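In what follows, subunit A forms one complex with subunit B and a second complex with subunit C.
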Partner chain A sequence: MNDFLIPQHVNSFHRANPVAKLLCMILLFMLTLFTHRLDFVFYQMACFLLLLLLFSGHRFWKISLIILPFLLVFIASSSTMILFGKGDTVWWKWGLIQISQESFYRGIHIGFKSVTFAMEGLLFVLTTPSVALFYALMQKAKLPPKYAYSFMASIRLLPMVWEELLIRRNALRIRGVRSLRGGMKWLGILKLYMVPLLAQGIRRAHRVAVAMETKAFDGQGERSYYYPSEYSKSDIWVILLLSAAVAAALLMSILLPPFGITDVRYR
Partner chain B sequence: MMTELDIMAGVQELRLKFPGEESFVFKDLSFSVRRGEKVLLLGPSGCGKSTLLQVLSGIMPELVEVPMKCKERIVPKSRGVLFQDPDTQFCMPYVDEELAFVLENLCVPREEMEPRMRQALEQVGLSFNQLHIPIQSLSQGMKQRLALASVLLADPEVLFLDEPSALLDPEGRKQIWEAIHSIADQRTMVIVEHRIEEMLGLVDSVVLFGPEGQVLGQASPGRLFSAYREELGRFGIWYPGVWEVFFKSHSGQLLLDNQMEDISGLSLEPLIELQQFRGFRQRTTVIEVEQAEVYPGDFIVITGPNGAGKSSLLLSLMGLLPAEGVYRLRGKDMHAAKSGKRRTEQAAQQIGFVFQNPEMQFVADQVSEEIAFSLYEEGYAREDISSLVRQSLRQFGLEGLEHRHPYQLSLGQKRRLSVAGSIVLDKALLLLDEPTFGQDAVNTFAILSLCEELRRRGMAIVMVTHEEKLSDTIATLEWKVADGRLVSTKLTKRGQEMAFKRRVGNRRVAGHE
Partner chain C sequence: MGEVQLQKGSKGLKLSDLLVTVLISVVLGVVYHFWSSVYSLLSPLFFQADELVYGMWFIASTLVFLLIRKPGVALIAEVAAAHVEVLFGSGWGIQLLIYSLFQGLAAELVFAAFRYRKFSAPVAGLAGFAAAVGSLLPDIFYGYVADYEPWMFIAKYSMRAVSSVVIAGFLAYSLAKAVEKTGVTSLLRPVESKDMAALDD
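Moving on, here comes the complex of A and B:
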């Protein structure tokens, strides 16, 4: 599982400071959020998809595997707006469901937006190891070590929880838990899984916390850092690349608009 | 008064009580350790040894709040604690990052970090070419040594060891104690441990606690073991020679008594037949069995190093891993079942399975419900259920606990309950995954006695274990697993003796030696 997220090769995106990258990503999120031009959002999606494929450092099939579920996100987020949104140019109507030209464009607009968010987020996640992110946050963003280390410690516990989930599933199969039927079945199954996993998890977290504190960790105060977090030329490259992507998207939306709609909002 | 200058850790008139508990863990306990002394705290499970260690090391009440009072307490400034569980002492994913965590806390400059890491690793007998190694890829014994190395980074004067080898296999146990031996010089140590074979040359004095948290005596190891032999046995402590003493005792004799065997009703048909059997995990073969059979009345121990495939063998017998080859359970071809789910269902009808961690298999909120669970599932009548449950509670020593939550039981009780729950519907076989792991001597013997009792009634016992003594004593067969293969199935001495009485055994002696 851990190996899965180790990139094949590294580039400026991986070398850049995670805090700088995070700031860029937040700006991009805002830009995407406040874009009402359908063509612009469409090209943003396309550009970031391209960046993801070119610069994430992972193999093509791996990225495709991760992106595939976002097709569902697209369908889910756009369909509600398409089917139930307001609009004047009605294409099709059946009871409550009404597809109009306006609602259709707004729908795919939302779909493109959510996929764009996903691409931007993935670009960050796939190029940033969690340990590097928290080290950078501690050193560059003054995040108190207690939060940084509680996150890093809990990430380490996740595979153990996963393993226990599998053991529990086996155990329940052997015990032959079959009689759970009817409306409350899900609640019963949830309880059968949650109780032992939570009990183990809480105990484990407590033990890790005590072990950390006995190693002179107090959560604040002075500390040195094994991984120094510095800004570098890579940060500039990343900023340039991301700006170029946005500029390209804007330019394309003006020169080659596939939809030609400047504002999808309904007035 | 603790005015002596060289007292490194101690308490005077300690009173401590856990919230919600009736009785005190300690009532006016005074205890101290001098510089350079290596003290072992011994006592029955739940006597408070670990609690005392946590009070002395400043974990209680500073990190774990408990109501306590004492006249005076000395907590050493320079101290380190090594805990029991190798998996819950690290907060970082890689060896170097974990060691760096300690050095960062101490504000050690970055340039000095790597040399200090290497030095600490060398002290505990670990050497890596490069230090950026995932901790998950280490064996449990290596992890525990890494934990010791991370404690040593701060160069503590006083070391507190809280059952550091309780969850390790014999190999890991040997290694961690060798490492502790090698760094013991000049240091003060307070140790809590159940298994004490490995540390005899190390400790200067042993403190024996009674069940109520009172100190029964303190002496050098040799003197204490001879003076308190009876108590040690009663408290379930793994002192040297405990196996021999147990097998000489009345209950131990009964356990090994082959005359007790009633073989008249025993079927000569094998319960399990395996040929060219292979179990897979993610399409790689994890266990391969050329040929093997299990007969009623067998007591099989499966031995082998960690990761060799012992647990995989048990899981594939339960149909929980995909498998191919011949697998007949009471003559029925298991691979005729189409889905894995169906296979597990069929296997579970004949085979009881006891997981390493009993909590993972509990399904009910009460001890009695836990035992009754399978009976309800099979649609037994209410009267039958309550009588079967009562009988089972008596057999497994759980009377008076029927309304407790399974999680509130002691370690030994949990283990017995897990066995009770899995065999309440009569099973032909019982598979156990390291049932004596981390248990004290009393509980280990209790589990063995239970298994032997079930075996005499004609059940076959198949047990994965690291306990080397079992193959020389109670087991009738030893299956050795190495590198994902069952490499030998051999009758033990006891098995051979029994084989004379059973033709089936003779047949196997010829076929398998």
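Moving on, here comes the complex of A and C:
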């Protein structure tokens, strides 16, 4: 899709079947979502960071560049809870703001959770080309081809949408439409951009869809695929590695708990 | 006439419906890209002010439904828009997909409750409100929002509800009306008996 996202080297994570990987990721997501133990989430984050650095197949600086914004995610998701969460052991109070021990730990717990989700998602996205994902979903998860092909076609159409946006911007500029400020004028601007983009998008999508229908991309039942999607030994490796990461996180959280908080929820 | 009957009979989504749904969501994905800067501009105004524009994240489901008017598109649109975000490697990873499932499903249920026959602004507003409620469910497990101070909880979610009704409801409706004027929606909508009658005249 993009040169930037072509991995430097390929390993079991890249060779594994996307459906198997997706299932693992959903299970991991559930695990993280229902973890209320601060130490466990912290080590989950650490373990997935390690997996990401070791197995994504990308250079270190690239990964660092991508995960830098996760800091913002951490702050955005934790701040409200830290400042406005329930808690009894008050550390600091100023007007409506009240930082308590409980709310602070709960806040950073949410932050760690968000970053863990982001790492899990990134591990999947960086090791799976989206075409491979949709071919695997069609062959292994019985996703009807019309869904898979419409997603794949839309991804291909995305650059055209982007180009149209730039053309529209230049057209408006040449016609002397100034960026309007204040009041409800942004609504007008929004419409100036959205209506032609949407109309043109609908026209183009419809045209492409008619062509695809005549070539039976919406076919029912058995069909052959250009890219066969198979399970392999790599799937077992990935499952083992991910399980090992979770086991390591659990073990570390029992042996070396940095916070010693077992449940961040308010009683 | 036989062919026309056949078209009327098939209720499922065709590839063209799906492709249009997903592509509109992709366009909205581009809009979201800019919207997140509006979102972060508002944040310093006062705490949680960003909730005032939260409804934009629900606009995919209502807008696409108002344009295509077929069952199922509201859910697919919301998931497709989230999928675009995930694909871009946004920091908000896989949780977006879970949120989109809940939000899209909630909006879809509202449209289904009106048997997919009502396309008015209030119904779209109600669907936007439902999507906001849908987003509350994962929030409880993920963000422990029930453990906010009660006033904060109420302030946050009432702002979100208002913005959902206004943006995902009324703004989506006015956008859909404006797009309708261009005439492209006639490509997509199911043939109605009114149109059939027009042929006989």
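Following the convention adopted for this analysis, the second predicted complex is superposed on the first by the 262 of 267 C-alpha atoms of A that agree within 3 Å, B and C clash if a C-alpha of one lies under 4 Å from a C-alpha of the other, contacts with A are read in each partner's own complex, and residues count from 1 in each chain.
To be clear about the criterion, a contact is a pair of C-beta atoms (placed from the backbone, for glycine too) under 8 Å apart; a residue touches a chain by one contact, two chains touch by 3 or more.
Quick caveat, the model's predicted, so the values are computed rather than measured.
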Between subunit B and subunit C, positioned on subunit A by superposition, is the outcome a clash or a fit? fit
When the two structures are overlaid on chain A, which partner does A:Gly57 contact: first (subunit B), second (subunit C), both, or neither? neither
Please indicate which partner A:Pro257 is in contact with in the superposed arrangement: first for subunit B, second for subunit C, both, or neither. neither
Once chain A of both complexes is superposed, is A:Leu72 in touch with subunit B (first), subunit C (second), both, or neither? second
Looking at the overlay, does A:Val131 come into contact with subunit B only (first), subunit C only (second), both, or neither? first
First, second, both or neither for A:Glu213, with subunit B first and subunit C second: both
Name the contact category of A:Ala199: first (subunit B only), second (subunit C only), both, or neither. both
Considering only touches as defined above, state whether A:Pro7 meets subunit B (first), subunit C (second), both or neither. neither
Once the structures are superposed on A, label A:Arg223 by its partner contacts, choosing first (subunit B), second (subunit C), both or neither. first
Just checking: does A:Tyr149 make contact with subunit B only, subunit C only, both, or neither of them? Give me first, second, both or neither. both
Contact breadth on subunit A, by residue count: subunit C or subunit B: C
For the superposed three-chain arrangement, provide the angle subunit B-subunit A-subunit C between C-alpha centres, rounded in steps of 10 degrees. 60
Determine the nearest approach in Å between the Cα atoms of subunit B and those of subunit C after overlaying the two structures. 6
Residues on subunit A lying within both footprints (that of subunit B and that of subunit C): 149, 153, 155, 199, 204, 208-210, 212-213, 217-218
Provide the residue numbers of subunit C that touch subunit A in the complex, in ascending order. 13-16, 18-27, 29-31, 47-48, 67, 76, 80, 83-84, 86-87, 89, 91-95, 98, 141-144, 146-149, 151-152, 156, 171, 174-175, 178-179, 182, 184-185, 187-188
The residues of subunit A that touch subunit B in their complex are 2, 131, 149, 152-153, 155-156, 159-160, 164, 167-168, 170-179, 192, 196, 199-200, 204, 207-218, 222-226, 228
Okay, in this complex, where on subunit A does subunit C touch? 25-26, 29, 33-34, 66, 69-70, 72-73, 77, 80-81, 83-86, 96, 98, 103, 106, 109-110, 113-114, 117-122, 124-126, 130, 146-147, 149-151, 153-155, 157-158, 161-162, 165, 187, 190-191, 194-195, 197-199, 201-206, 208-210, 212-213, 217-218, 264-266
Per the touch rule, the subunit B residues reaching subunit A in their complex are 57, 59, 63-64, 79-81, 83, 85, 87-93, 96-97, 100-110, 113, 134, 136, 147, 150-151, 154, 315, 318, 320, 341, 344-345, 347-348, 353, 355, 357, 359-363, 373-374, 376-377, 407, 421-422
